[in-house]
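Next come the structures, one after another.
After this come two complexes, each holding subunit A, first together with subunit B and then together with subunit C.
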Partner chain A sequence: MKPAGWLERIWPSLPILAALLLTSLLLIAFGTSPAVAFGAILEGVFSTPERMLTALAFWIPLALASVGLLVTFQAGLWNIGIEGQFILGALGASWVALSFQLPAPLQITLEILAGMVGGALWAGVVALFKRWGVHEIFGGLALNNLAIILTNFLIAGPWQPPEGGSFRGTVPFREDALLPLLGSTRFSPLSLLLAALAFGLVVLALRNSAWGLRLKALGHNPRSAFLLGVSSNREALLAMLFCGALAGLGGAVRVLSWFDSLRQSISGGIGYLALMVVILAAFRLYLTPLVALFFASVLSGSIVLQLRTQLHSSLGDILTGVMVLFVLLFGDFGRVRSLFKRKDQEDV
Partner chain B sequence: MFDINWATLLLQSAPLIIAVCGETISERVGVVNLSLDGSMLISAMTGFVAAYLTGSALVGFLAAAAVGAFFAFMVSFGSLALRQSQVAVGFVLTLLGDSLSAFLGQDFTRLPGPWVTKLPIPLLKDIPVIGPIFFNQDPMVYFALLLVAASYWWIFHSRPGLELRSAGERPEAAFARGVRVRRLRYLYSMLGGALVGVAGAAYSLDVKIGWAEGLTRGYGWIALAVVIFGGWSPLRGALGVLLLVGVRAWIGIYLQPAAGGADSTVVILNALPWLLMLAVLLVVSGKLTGDLVANAPPWLKRPLARLLLVAPPAALGADLKEN
Partner chain C sequence: MRLRGAPDHRGGSLPEVVECKRRFGTKADDDDALGWDPAMGMQQKGAAGLGLKLLFRQHCRQRATQAQGASLLELKGAVIRTPRLDLAPTDLQIGAGEVFGLAGLEGSGQELLLKACAGLLPVVEGRRFLAGSDITRLGYHATCRRGVRYLAAGRLEEGLVSGLTLTEHLALVTEEPAFFVDWPANRRQTAERIKRYQVVGTPESTVEQLSGGNQQRFLFGLLPASLRLILLEHPTRGLDLRSTDWIWQQLNERRQDGTAILFISADLDEIIERSDRIAVFSAGHMSRVVDALHTSVDELGHLIGGQQ
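And then the complex of A and B:
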């Protein structure tokens, strides 16, 4: 076995370059210069401190959901229901914000707890259905859609603003019910602290606890984990509740800092994005928040791209999506190389 | 309760029936194409744009089938050649198909374009009751009905169908017996994907004429659940689609006058497919039903299990180790 040399070394960057190339071709086909488009994205993220803080504010809920997914993936679960768990977090926080009038520290603590409970509750339902034999992908997906329908129902019904009319959102919450923001941005330093705490908790759970090891056993081989006495039902439920609570925290942060009221598309797919983040990060613990930051930058910069070029805002999703696809398919040098080897030489 | 327009019901069910047949074929050979929601969106968009630019609905359907087959190819290539998770590739393609359809179709939304016209079948259409329902329809409906019959026969009653199922049930054993598992998996998953593409175009060129962002969002997931409910049989899957579309139409008719306010009706109708999805999956794959069957009187056990419980192909989504 001789080392494959330079090709192997530069290989991981090739799928990313290919994704940039494909997106550039798409831009050219739509009559936009890639330099202008990517320039606009960069400008949208880095040109002013406010914009950088906006990207950071977008990053925090996404990072919370992404690191939560590390726990469910460790247990071998496809928690596609994270989108609904995120939304339920926003609903829980909104319920407290609309129903109670407490001093700010108490109010915010209660909102955040309600968000975590909401997310965990929705995750618990998926786990319950899983226990009854319904695969978590389908249980989660149904609950995602039910969460969206529930949100729309609340906005149009019980939580409708007194003056009525608006189907777009509830009344803005009181100042004391919102996370304190930095200047005129959407960034709340408190949410950064919460995200750091959550990440620390995930690192502890996955790296330094017996529970993390049991989850790993379960994720790698549910059958042998069962034979070893790891109860798959209980571990799966705990992993789901853990992830649901973090996603719920993300939803609470989103509604209390990015927005100031409950909106129709309160999540807008952040849960699904979190799944993409974790796949691109190849389920690696320390890489996940960084990939989430990359996603948050591209998508937050795409807003300027849309203003500048009038192109559909989904371009940022396409760039990140193609990147995830290429890295997933072609990122592993060994597997791609085996494609070009003759069958008889291969001995796996 | 018989105020339902059966001809319309059949027309509205046709695209989902086609998608369910396509995915059933693919899963029977062992490939889960989870990208259905995204591939239906991008093929609905492609089908409409191709038909709009050429003025021919047929070209639209062919283009949509090609796109659907390509998405399925990416799933099976990722799995068979690169040994990646079918679920992961399928999920990424779901989101990518959605955003690509929104981007590429941005200049073609809400435009009038070609669509499929009715093709009444002479003589047969004049048969009382069944004539107007089955024989005064779109070509799409005929295609869906023929597809159900043909794919059911092919999978369960033909020699190549036996090989198809063996590749999804016992791929190693099938390989040892000389079945070219890898080739069959590529072939049938791409055929299934092409059918999913046709289903997408059936929306944009027939049932919901025109393209708009998110036109078919959600239907792909429903089709995936119906495949399970249908126990991986095209016939039972098609019945599942009719049941779903029928129940929704019936509840719509029933609720409209009953609930004075339109809001609650809309909420219930929107929530219904997802509640049904949970309910039917709970029944067919559920441990609860297993207990029910186990406690049934002995003579009822077998028929009850056959009716209620389903099991996926044994090697569904599994890695292929034939070398």
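And then the complex of A and C:
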């Protein structure tokens, strides 16, 4: 039984390698050299500073949503409604952008606050439903759809461009309403600062605050936590509001820097992507932003992949998706070992 | 049969009690010094020890009647409803410093009563009083704030949080916590409690690494210093003799300060030995209250079977 020692140590990297292997086999099956394909992805991320900043700009909203999810996961909540909270953040920011004509600093502050309130509001509804006995997964999914419908309604109705509703998006926001960008990229240094602040806040809350400890107890054993004096309803609501606010901030950043107007698919699934990020990071605090960066790199690098090869850029999605799947299946060394052990016993 | 055993002697100078103390080498003026180990010794001496055991119980009984002041917990016509079982209207009065045992087959209603006393189940009809004030509508956390604690039987299911360390548990139960946890201070306090409550473990141990006896000791270590009422579900289930003795020693120390103890046990010997008064549950009905001093396993057995 000696090999278990080193096997356990290198185990976490195995699902990643297995995912790369499987994706390579897929590439070969489609008649493309894996080296060329992965090279194209790397080129898409690292070849020029602009491309690196683009990956970074994609990373910031994703990282905001991911670290927000750390809070709800700590409380044992499956906040699948994060997609809707992200969209509501974008809607909140767009509402301020379209309705007010203020000086830039005030306008942007107000937009960001409105985004956070929007996300928190949507999360609060999920928490309220949970109190009434609706599981957060179902409440969250319903609200995700509702958020998309609301976006389409606003684009086609009240917020449609003067030339008529096109179902594509609103008119571009004023220059003063957008986050200041670096050069000709979509990267906004201000949003990086906000993301760093948010991450620091989450670290403080989860590691050092009494609130974070209560969430941890709630996540591990709600019954015992309740008997030890933790008010589950209150803490669950606060965790949802916190996560919703961060997701809303992500949505606001997305609409104010990546785009310049409210679009039909404003999120593009970043909320769901954030769930995958946190799962791949095994819910670890410091790993989460790094995994988010990896996701952002692969996905934004895939665009070059499409240019270089005849493959669709969704190869990046396939790669990350397979990785998460493999981590879920085989990532927990103890679980895998017990699976094999049980089989041994059955054979005997 | 006496209902609420009217105490026929008061004061600590009863000859038998003095004799009892003398034999076990305790000072006549020190009630606390008579621990529970001698009692266990007596139990093992069989028939010869039986008389002494009775004396010992008398001695403890007497202490309780001394401490027993006004009614601390009172249920008036309390009805509790659950999908599985309803508890018929129940009247119950427990005095400060009293140990009250609840017997009966599992699921006969004693768990419902205990949970209702803690505010974990609503009293749908009737009233619930604590030290004279009506707490019928208070939930569990509000009841806790009035000096009540509930210790469930499943220590890792309903008590401790697996995966959290001892230090994290102590920080969790801190009353009026600061926004940020002072981890070094909490670690020191945990080390101190570990020592005082004789827990085999370190502040960094997670609770599931502790043995059952140590988990129960640690749960006691988490209780606030001053309490009015402790509600316990099978406090010594699955524990060895030493841990059992230790638990009761702790509870008896607390009753000296007027803390009332209400507990469920499946062990009739334990109920008779440790309680002042006993109520027996059978199919959702509470029997008359019997005096532990003047009852027997036989009588309790009949009550458990539903005979009055």
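Some notes on this structure:
Methods note: the second predicted complex is superposed on the first by the 334 of 348 C-alpha atoms of A that agree within 3 Å, B and C clash if a C-alpha of one lies under 4 Å from a C-alpha of the other, contacts with A are read in each partner's own complex, and residues count from 1 in each chain.
What we mean here is this: a contact is a pair of C-beta atoms (placed from the backbone, for glycine too) under 8 Å apart; a residue touches a chain by one contact, two chains touch by 3 or more.
Note that the structure is a prediction, hence the values are computed from the model and not measured.
Partners subunit B and subunit C, brought together by superposition on subunit A, fit side by side with no clash. With both complexes placed on chain A, subunit A has more residues touched by B than by the other of subunit B and subunit C. Rounded to the nearest 10, the angle at the Cα centre of subunit A between subunit B and subunit C in the chain-A superposition is 80°. In the superposition on chain A, A:104 makes contact with neither subunit B nor subunit C.
In the superposition on chain A, A:208 makes contact with subunit C only, while subunit B stays out of contact range. In the overlay built on the shared chain, the residue A:157 is in contact with subunit B alone; subunit C does not reach it. When the shared chain is aligned, no partner comes close enough to touch A:16: not subunit B, not subunit C. Legend: residue contacts after superposition of the two complexes on their common chain; A:129 is shown touching subunit B, with no touch to subunit C.
The least CA distance from subunit B to subunit C in the superposed model is 11 Å. Residue ranges of subunit B in contact with subunit A, taken from their complex: 34, 74, 77-78, 81-84, 87-89, 91-93, 95-96, 99-100, 102-103, 106, 218, 221, 224-225, 228, 263, 267, 270-271, 273-275, 277-278, 281-282, 285-288, 290, 323.
Put simply, subunit A touches subunit B in their complex at residues 26, 78, 80, 129, 131-135, 137-139, 141-143, 145-146, 149, 152-153, 156-157, 269, 272, 275-276, 279, 311-312, 314-315, 317-318, 321-322, 324-325, 328-330, 332, 335-336, 339, 343, 346, 348. If you check the complex, the residues on subunit C that touch subunit A are 140-141, 144, 150, 152, 156-164, 168-169, 171-174, 177-181, 183, 222.
The touching residues of subunit A, when paired with subunit C in their complex, are 204, 208-211, 213-214, 216-217, 220-221, 223-231.
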